[in-house]
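One chain, subunit A, links the two complexes that follow: it is found with subunit B in the first and with subunit C in the second.
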Partner chain A sequence: MENVNIRTSIFIKKKRRELDFDSLGRAKLRESSAADRMVVTLLVSFAIITVYTVFFRITYKWDHFMPEKLLEMAKGFLRWDTIATGQRTDMIKALINTFALGFLTTVIGMITGIFVALLAARNLTRGFLPHMIRSVAAFMRAVPTIIWVLIFVAGYGLSATTAVVGMYFHTLAFFIKSFSESFEEVDEATIEALKATGANWLQIVFGAVLPSSATRLISWLAIRSEINFGVAVVIGPAVGVPGTIGTAINNASRGGDYATQGFGVFLVFLTAFILEVLINRLRQRSIV
Partner chain B sequence: MQETVLQTKNLTKTYGGGTLALKEVSFALKKGEMVCVIGPSGAGKSTLLRCINRMIEADEGSSVVFDGKEITSLRKKELAQTRREIGMVFQHYNLVYRLSALENVLHGRMGYYSTFAGAFSLYKKEDIERAVELLGMLGLEERVYFRCANLSGGQKQRVGIARALIQDPKLILCDEPIASLDPQAAKVIMEYLKGISAEMGIPCLVNLHQVDVAKIYADRIIGMKDGHIVFDGPKEELTDKRIENIYGAKIHEILA
Partner chain C sequence: MKFWHSRLVNRENAGRFFTDKQTKRVIFGLVFIMLTWMSAQLIGFELPLIFERFQPAMQRFVKLYFPPLFKESFKLIDAIWVTFLLAVASGTIGSFLAYFTALAMSRTTGKNKVLSILVRFVTTFIRNVPSSIWAIILLLAFWFGEFLAFLVMTLGSFGFTARIFADMIDETNPDSIEALESTGANFWQIVAQSIFPETLPITISWALYSIENNIRDATIVGILAGGGIGHLIGIYKNFRRFDELAAAVICIVVMVLLFDQVSMYIRKRIL
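== the complex of A and B ==
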């Protein structure tokens, strides 16, 4: 330490550098990057597309909107006292069915998804496998859930099986992508530390990767649970799965039964709300 | 003469793109020795450490003999078995922060278990007792069940050391163990490492940025520059002239 002598001044005194200016004559703060140009291009394209669709493509029938019709619906919507008791319990049963449908798909998707995602994470699996799995998953995700369900109607007919199998494909692809990315965010150094102790692949996965990414996995699971409940609701009327809340609302709607319709929507809302609250609690608690 | 635990010969590493990180590095490490490796960033200190337990593969023709075994020619399974006998301590501790101090220490034992038992943390009672004992020896008996995220830097590093010790290693490699610690915690860690080599007889190879720290604790100092060993000798022989050679700068330009 006795060797250290502090220089009186290390700062270099030189002529000030001239400022650079951009094409609009403002003092430049940074080099323009590809990302900047991308943002501008995106905003301009959105503006053009909006103007085009609103003014040139949509021919909206303004007189079709009848306020008195809306008022009539609103009045009937909350008259749940007019619904028969049996009808009401049927609706609740349908809600439970729908929830089970979404839940089942999420659980099966998650369990299988974790294993495939381990093989799709580039920090855990070397070689071509991650790339291949990601490509397949990207294709599976690109096809909307409804289309998957419609595809399986051909084989399984109009049933709950069709809905689960169809929803499963999209769910699996979702988990492969989200889980494998969560795994890739695990600090490479932690994996290195376990490797250095002589642990093998599965031990590293269970010892370091899963515990470190647990929070993120739970978040993704929660998000997908919400999505799958929503999908299970709309999938009913779309492919005619009997005994789901969506089908019940659809039937009520076609029969002009505003009250039953309103009650069904309320049940869906309530479930989604409870789900949201529970998930938020869970996430807050699981954060490191 | 003490027995030699580690002997490298012509250890060379070329990274993709032709960067030569290590060039014909040869040195030996004896039982109970504490050797500090100093040198500027990019001199190859980290690469040297990682070539020893093959976290990085050295070039053809390199030789690393550890405990009588040629490490460079080991197959995957033998390599994992050999890694169990080499502890490693890191600058950023590299713990699993969601897990407890005890769980992190037991990770050091993982390599001795079957895949299934290791994966599901089915540790033997004597290993758990040993882990608690080690944490106690390092002054963490009150922190056994703490999540590692809630420990201070110095405490995290002590967990890292306990994880290395429970491996029953014949060698401990330390990559900048005190670079992220405050001076007081750094001193504690260096004293533990010194104790491990002197009292337990486990040789420690420690990468350091601080020349003054190396001069206090090392039995021997290795100076590296551009992938070469430019100094290897007892700390008394590390003169200002030689430090200038290692860092390629005048002594008054170095905070050492």
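== the complex of A and C ==
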């Protein structure tokens, strides 16, 4: 035991990890101590970058800072009695439109995503295809949704259809990644057993893979519908898709109508909150 | 045949066409299809249009965006660097604040019920209002620029991580806290000696994740609030300089993919 290579570190002292010994009887502590050093390095570098950014990099424009506007907004936030009825119904209509946009994209993305994800799951498809599909999906996810929408605006013009197509690609890539990972978690023994009985690919998919991963798929679907609602809110003001709640809120705040703005923000908050509660319930039931 | 047979033979389901579970499924499916169709009608979605116009749309896209033009390379690199800095700084500060909020929110450490409920309410609100809406609201009070982008991203990171940290602190080992309590350690001593060391690696991996999210969000936040690569993209979009926009998009994609790889590597090492 003369070669015991113990690198004490602040975290090991506290946690008392179990020691692994190699063939010569040396305690292996290197991996964990490397991890601890990395943690410290990361903390320090985060701190340095933050200090540099906040104190030396960001340009502050305090001469444009208007706290009285914040106060006005806070005052107007829940003053719904001052909103005209027409504006209120317009806002609710915009919310429903936005939700429909997100929902439709999620559904189309899911239907196509399941099939592509089946081809991208390594336990169902052999060869190079899963790797290729995953790489393409990673690329598709790296391009921001807003860019996808901008790309299709160039060809399709500004309409809800364009927004759906633009949002679709990011959704599809998300589903390919999450669904194929869910499929890969299906018990290998079940698939082997079905294969042994001579079941073909489609029978394996519909008999074993889809039923046993259904709850996970539904959870992912719920999570994506929440994300897509947020995206649908975004693309209104950024690209200019008419009739969505983001555009309505943007117009209200540009026009200084803080009560309407507050009403819109509240509606968005409420929808997102309800979706979140639903997802939490789904998760508790299915345990992702 | 089996389907009908089971419905005739099974006494429990005698006289009922569907079992309860199946009825639920069928109704759920029908409602789902109805909702989809209604959504499509409502927003005026036209599926045939997509295929009809696909080829001309692609031709127009290629003509506008290709080849990507790296004209203002220096500006582009600077914008990418600023985006990275803003994402890291806002992720760090957001997670830092979220950690203390989570201490107040968690069941194991949040002894003050009033504070806990108040903090829960505030974080729920911040989390569920999308960052773009924050950008629109705060734009009026803070001027267009890097600081606003920083603020918006910080709010996003804060709302997202606060909830995760609260769950994480809930799951820490209660034995060590109890042991420390019995020695008479006060609240901050318990946090520093037991909770903080135990949760540090997970905290950092979630902070990394929120930085990743910030980088992905930077485009949209930049278009709406200014600052970083998004600001540049907003300018290119408004002045219809699409070939330069394509160059900026390539930069974003490279940055996102690179940061994903780096954070995946770090996460593997520290967890």
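Note that in this section the second predicted complex is superposed on the first by the 230 of 288 C-alpha atoms of A that agree within 3 Å, B and C clash if a C-alpha of one lies under 4 Å from a C-alpha of the other, contacts with A are read in each partner's own complex, and residues count from 1 in each chain.
By definition in this document, contacts are C-beta pairs under 8 Å (C-beta built on N, C-alpha and C of every residue); 3 or more make two chains touch, one makes a residue touch a chain.
Computed from a predicted structure; not experimentally measured.
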### Message
Once chain A of both complexes is superposed, is A:Ala117 in touch with subunit B (first), subunit C (second), both, or neither?
### Response
neither
### Task
Using the touch definition from the top, say if A:Ile133 reaches subunit B (first), subunit C (second), both or neither.
neither
### Message
If we overlay the two complexes on their shared chain A, which of subunit B and subunit C does A:Lys195 touch? Say first, second, both or neither.
### Response
first
### Query
If you stack the two complexes on chain A, which partner ends up touching A:Ala208: first (subunit B), second (subunit C), both, or neither?
first
### Task
Examine A:Ala173 and indicate which partner it touches, taking first as subunit B and second as subunit C; both and neither are also allowed.
neither
### Touched partner set for A:Ala222, first subunit B, second subunit C, both or neither
neither
### Query
First (subunit B), second (subunit C), both or neither: which does A:Ile147 touch?
second
### Query
Just subunit B (first), just subunit C (second), both, or neither: which does A:Thr161 touch?
second
### Summary
Of subunit B and subunit C, the partner touching more residues of subunit A is C
### Shared contact residues on subunit A - subunit B and subunit C
none
### Message
With touch defined as at the start, can you tell me which subunit A residues reach subunit B in the complex?
### Response
1, 3-5, 187, 189-190, 192-200, 202-203, 205-208, 211-212, 214-215, 288
### Sites on subunit A touched by subunit C in the complex
11, 14-15, 34-35, 38-39, 42-43, 46-47, 49-50, 52-54, 57-61, 64-67, 69-70, 73, 96-97, 99-101, 103-104, 107, 138-139, 142-147, 150-152, 154-156, 159-161, 164-165, 230, 233-234, 237-238, 243, 246, 249-250, 253, 261, 265, 268-269, 272-273, 276
### Message
Show me the residue ranges of subunit C that touch subunit A in the complex, using the header's touch definition.
### Response
32, 35-36, 38-40, 42-46, 49-50, 53, 56-61, 64-65, 82, 85-86, 88-89, 92-93, 124-125, 127-130, 132-133, 136-137, 139-143, 145-147, 150, 193, 197-198, 200-201, 204, 207, 216, 219-220, 223-224, 233, 237, 242, 245, 249, 252-253, 256-257, 260, 266, 269-271
### Query
Which of the residues in subunit B come into contact with subunit A in the complex?
53, 55, 80-84, 86-88, 90, 92, 94-99, 107-113, 115, 118-121, 147, 149, 160, 163, 167, 212, 240, 251-252, 254-256
